[in-house]
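Chain naming follows the written order as A, B, C, D and E, and within any one chain the residues start at number 1.
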Amino acid sequence: MIAVAAGPNRIDPYVIPALDGVAYGLLVFVAAAGLVFCFGVANILNLAHGMLYAIGGYTAAAVLDGSWASLALALGVGVLAAAAAGVLLAGLLTPVATGNHLTQALLTFGVALAGGSLLVAGFGPDDPQVLVPAALDGSVQVAGHRYAAYRLVFIVVATALAAGLYLTVRRTRAGMLVRAAVDDPEMVACLGVSPTRIRVGVLAAGGALAGAAGVLGAPIIGPGADTADTVLLLSLVVVVLGGLGSMVGTLLAALAIGEIQTLGVALLPSAAPFLLFAAMAAVLAVRARGLALRWAAT
Amino acid sequence: ADEPGTTGGGSIKIGLLASLSGTYQSVGKEIRDGFELYLDTHDGKLGGRQVDLVVADEGNGAATAVPAATKLLKQDRVAALTGIVGGGSVAGVYPLLQETKVPLVGSNGRPEIKDVSRVWHTSYLSDEPGAAIAQHVRDNVKGSVYAIGPDYQGGWDELRGFTEAFAKAGGTLANPDGKTTFTPFPATTNFTPYFARIKASGAQAVYTFYAGSAAVDFVKQYAQSEIKDIPLYAAGFLTEGGVLNAQGEAARDIFSVLNYSPDLDNAENRGFVAAWKAKHDGSPTTYALASYDAAAVLDRAIGAAGDDPTPEAINAQIGKLGQIASPRGAWQFSTVTHSPVQKWYLRQVRQDGRALSNTVVGDLATIGR
Amino acid sequence: MLYVERLCAGYAGGIVLHEVDLRVHPGSIQAVVGRNGAGKSTLVHTIAGLVRASSGRIEIGGVHVAGRQPHRVAQSGVGLVPQGRRVFSRLTVAEHLVLAASPWRAATPGGEGWTVPRILELLPRLAARLRHRGCELSGGEQQMLAIARALLGQPRVLLLDEPCEGLSPDLAARVRDLIGHLAASGLTVLLVEQQLRHAIEIADRVAVLEYGRVVYDRPTAEARSDPGSLEAIVSIAAPPPSPANRSTPRLWADTP
Amino acid sequence: MRDEVLRRVRAAVATLVLAGLLVAPWVVDDYTAAILARTLALGLVGVSVALLTGVAGMPTLGQTAPYAAGAYASAVLGSQVSDVGVVQVAVAALAGATLAAVTLPLVVPARGVIVLMITLAIGELVVTVLGRWRSVTGGTDGLAGIAGVRPFWGLPVLATDQARYLYTLVVVATLVGAVLLLLRTRAGVLLRAGRDDEMRLRASGHRVPLYLSGAHVAAGAIAGAAGSLLVVAQQYISPADFGFDTSALLLLGVVIGGTASVGGALVGAALVIAVRDWLFGVLPGHAPLVLGALFVATVYLLPTGVTRARRPRPVPAPRPPDVAPTRDRDATPELRV
Amino acid sequence: MNCLLSAEKISVRYGSLAALTDVDLCVHDGQRHALIGPNGAGKTTLLSVLGATTRPQRGTVRFVGRDVSRLGPAARARRGINRTHQRPAVFATLTAIENIEVAALPRTIRRRRWSPGGTRGAARRTAAELLDQLGLSDLATVPAGHLAHGQRRQLEIAMALAGRPRLLLLDEPAAGLSATEVGRLAELLAALPRQVAVLLVEHHLDLVYALCDTVTVLRDGRTVAAGTPDEIRTSPLVRRAYADGVS
């Protein structure tokens, strides 16, 4: 075995996992983007993020018929539906103590539970079929290996999303308002901008991002009873690991998660169940320790 | 009328516990529908008594199953319990069965249990599908076989059944360390890194067991991966029921082993499938079938228990049933394991009209002690 | 321009302001003084809509605004320099200025509008700190930023809650001059100030708040002619320091 | 005054609940007694969550880890040492405290959401270990056939649901009482001070990491003890009892009960778990929907949920000017990033 | 050179900005030392370096003859350096008296190491006394988060005093206080026993000149002058420092 594995073959089996790590990491970034915005940037803990993603996913399953037009339609409908759900969520959040994460968690978790079971009731307990355009459905040759073509889509989508989000948050007035509202919503109000409107905007945008991710991600993390939980957990991990709101950090965190779940699994299959959480705890603890040291914690 | 299980006027209370929410909710719903189908086709009666069916939700596992079962057993005081998707849930409910002395006629998972005196299963033991197909795989695959499955009790049992029988038949596993590869469950949604390992192992075929969403992910990704041309053998759950729909083309040609297929040609099955199709879209699954059979078992046992169908009496009668006619073909309870001695079928996913379906392509072993 | 009539307001725990009356005319400065905890900030916050009035009227430019959301009040031309600065800690100075420069509001009545260059000319330290975030500024710099933020909104009514706190004496004097100029150009100014001397210097009227009530409200001309009486009123609520208070704190009594 | 009324109401409710709990075994059926016992155990974990989340300001999703450690320790080890409940509770508490102590280096430097995620990771890792360490834990199918316990030397083995419930009640009451007493000492004030402004507390010369470590280990011990109670109440444990669902529901229950209030946490966590268990029985298939709707509704009914500061009370008669205004303390503690 | 506290060659840089450059400072036992300068001069930064919340890139801090540069804020507080913050920092959900009690605990615990029950009582007595001295007794049971700005400032001063410091670092303690309260504060500071040294940052120059015996002037992170109040008051250098800070 060892003799066979020597030479170029030793790395060859890991080419595809490594590539897949990138693609999967970027998919995770796309899936998490809505939460990056809501929680990372605007500091609204939206535990219904996974459900918003699932709305996109179910829309894709319902609308897609294998044609390009249906993909465009699904994107439009999914984005609108999830954004509308985001607005609803904002409406529910308005009268309650804002800025208090635990109350937000209670409310959005409730919405996620209820919404999730409504989705399943509406679309049935089975995972629906998702038909992507034939051109994307096949596989391509990469470095002598066959690789699912659709996954490469995310390299483009994620780059565009990351750049777009960064520019919006850093460079536009809207982005500044959102960040300002995190610091002091009352003072934002004193500038003549309603913090409620900002919150609605944030959740609508977060919903739209999640909806788009749900449509695009449907062929990979497809809609189903567990989708919302899976996506929420991965997104939370990515957002927190990425340093809450830093776009570069989040992208790196997503890639790290991707590689851990692919290359890490390929290298250390027996440790697979521990990899994700052990790595997360270690990274967060090291970072927290770094912060604590900066505070001169002696 | 305070007697457990009976509610006056000759009716009887039966408790059905199944996952109506959570990961395996589609399985749970099949189980509920299968049982209800039997009641509907038998005037709502079991053993001549009007049935008061109390349904409770098992949720995702023992944590929710135990309190729900406690309610059925201690508050509703059902005469018998049926259903239960997860083996872990059965393990959790087991102490309650011992305490309340109510029999369980389970219709899906079964954990390792030492004393089965009150536990019956109309489904199968988790290691049986693998054991049933091992010889066939050995005979038809020239080379080693890669075994992979989900990392939980159900997965361990299913794969152990295969690997043990396969080794006994003289087959070799392609897995580098000779042991099955287990993937975190239900956390794994991306199987690509495992496919790379399978490719590198030089396996000539793959044997696996997944169910639910994991089955959809596995099959879809398999079809796009670099090992898509390696034959895939599986426990039948991989392509059973709703998941086949979601997998679509990706599932074509997969071989699987199961104790049932809707295209079995016998009178019971024709009636069962027709009755099912009258009420539901699509064909019945093995889950629904097992639950339907659980109702049949209870029907006969309650009937035989006479005027006073106490839980104890029902339990005693189940042990004396003998052959049970069923859509899967006749079967009977093993006296050792209290699970069916039954025939297993080899199926392949093939075109059936406009849709794909599991078509029986051969008989495999009859298993059970 | 800014009328406050029988205004009562407070927090969940109790009412703080009791039937406060004030009338501030366009182009004039109303100073409000009073001891710590008298309710000055509560008054300012209530006018800005940050604390809900439980009864009474607040009129700005003839419009009743009590009960309006703070952003509505701000849109009707009210600018606020809050106590404690409250700059946005994660936004840079430049971003503060972009945000505050209201794209939809016209220039201040009577004067040309406030622009970023004009602000930076007035407060040159900010120009050197454009890329610093709010939390990276010194206390005084934050105070400057808070003033800049309010001015860039082109307010017609300016609420200043101790705007000179933490400013160096020279800069404080310049800010006070500025306030005078602003009023002269037609702005309505409500100025909360701790230093009585300075309040009398620039304001047209001065009111004393004590336990949430207006106990004195006269033109400053009167106060200037008789500063003693005003000082007496301001400090009336202060019990004279008891002899115990003047002795060494007993904390150290037993230290060697 | 309103807060006075509130306090009275709270005291009355507490008395009623306590009285109800005491007479419960004689008036309710087996099912209710069994569920109550299980719920009390989870409520006790809720208390440990509140101790960390509300009092110490370290929001946790990982108290299921020491809870599981306690449960398995008492089922595997404790039952070999002795069948006396007190011994098993002690073993379980020790196990919980040990696990908490081992994870200190991960948890103590972190704050806010970071704690939440680190503890989540710890909880998941522990559950994974439990699921795979089959020789000891019975794997994902869990451990059944755990022998009954006798509460104290010389007492009979607990054989009925009522007896198990009473045993659980006594242990929970004792431990909650101990926590309440502890919080009345300066430990409680210091923890709350650290939650409000940690840097200020350091600037006054306090060793904050030490306090947080103490709180974390104590909370671990409490959760561990609760684990032993679960074993008694349920006679079966499996990793599913300690999964993410449980931690999430516990945290939400604690939020409902008012994060900083120990009694509230007990009631909140117990309520959430009880309602869930009950819903799975009576509304099969719709439990998540109803539970979700209930969460949403609770947010609106919570006394601290809606910003009360925006609604001052009606104007009272003018107060004599020399009386300083009185205020109540309804500040909602929150999670700071 | 028998300084109680000496800071040598302290430098703090934030990116390209030099907040402090080679600043030396010596505070003697019992000295009333003022630190003044225009906005952004680096006064608060220097206090945080002494209180260990900012780590200087360079320089050492000695206290009572020992190098404390590597000690954190808590350790320095236990050695007797207590401070207030420019923006009052209090425990919002604790009542005023609890705030002071908490601040008093480290020193009381030290003295009565083995009577944990007793320490809280002692701390509470200290707290009540201090509240009385600052005229805040009415507010004893009010949560600090509900206090007015000036009241918080006073409360924090009481907290710093409760730590029974040997060196008291005060960052603009008079800002936001009404004239009456400033008077009271002045009295309190004047009445501090001689073994307590005070380093006072203030823009309220009357207070500085009335209270302090030494004044150090900072500008742009450097010491530009140091001397007695009279010298500083008349120094053209100082006037220029301030004026430049403005324009």
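FYI, contacts are C-beta pairs under 8 Å (C-beta built on N, C-alpha and C of every residue); 3 or more make two chains touch, one makes a residue touch a chain.
Computed from a predicted structure; not experimentally measured.
> Considering only mean CA positions as chain centres, point out the chain farthest from chain E.
Relative to chain E, the chain with the farthest C-alpha centre is B.
> With centres defined by CA atoms only, which chain is the most remote from chain C?
B
> Just the number, please: Cα centre separation of chain A and chain D in whole Å.
Roughly 31 Å, centre to centre.
> Which whole number of Å gives the spacing of the CA centres of chain B and chain E?
Inter-chain centre distance comes to 74 Å.
> Mind checking the centre-to-centre distance between chain A and chain E? Centres are C-alpha means, answer in whole Å.
The answer is 47 Å.
> Once you find the CA centre of chain D and the CA centre of chain E, what distance in Å lies between them?
It comes to 41 Å between the two C-alpha centres.
> If you look at chain A, which of its residues touch at least two other chains?
Residues 117, 273, 295, 297 of chain A touch two or more partner chains.
> Hunt down the residues of chain C that sit against at least two other chains at once, touch-wise.
11, 13, 37
> List, in ascending order, every residue of chain B touching at least 2 other chains.
21, 25, 29, 151, 184 - these are the residues of chain B that touch more than one other chain.
> Looking at the complex, which residues from chain D come into contact with chain A?
53, 59, 105-107, 109-111, 113-114, 116-118, 120-122, 124-125, 128, 132, 199, 202, 209, 244, 248, 251-252, 255-256, 259, 286, 288-300, 302, 304-307, 332, 334-335, 337
> Enumerate the contact residues on chain D facing chain B in the complex.
Chain D residues touching chain B: 29-32, 34-35, 38, 128, 131-132, 138-142, 144-145, 161, 234-236, 238, 240-241, 243, 245-246, 276-285, 287-288.
> Given the complex with chain E, which residues does chain C contribute to the contact?
Residue list for chain C touching chain E: 11, 13, 33-38, 41, 83-85, 124-125, 129, 132, 136-141, 143-144, 162, 165-172, 174, 194-196, 231, 234-235, 238-239, 241, 244-252, 255.
> Within the complex, which stretch of chain E touches chain C?
The touching residues are 14, 17, 37-41, 43-45, 86-87, 126, 129-130, 132-133, 135, 139, 146-151, 153-154, 161-162, 164, 172, 175-181, 184, 187-188, 191-193, 195-196, 203, 205, 242-243, 245-247.
> In their shared complex, at which residues does chain A touch chain C?
173, 176-177, 179-180, 182-184, 186-195
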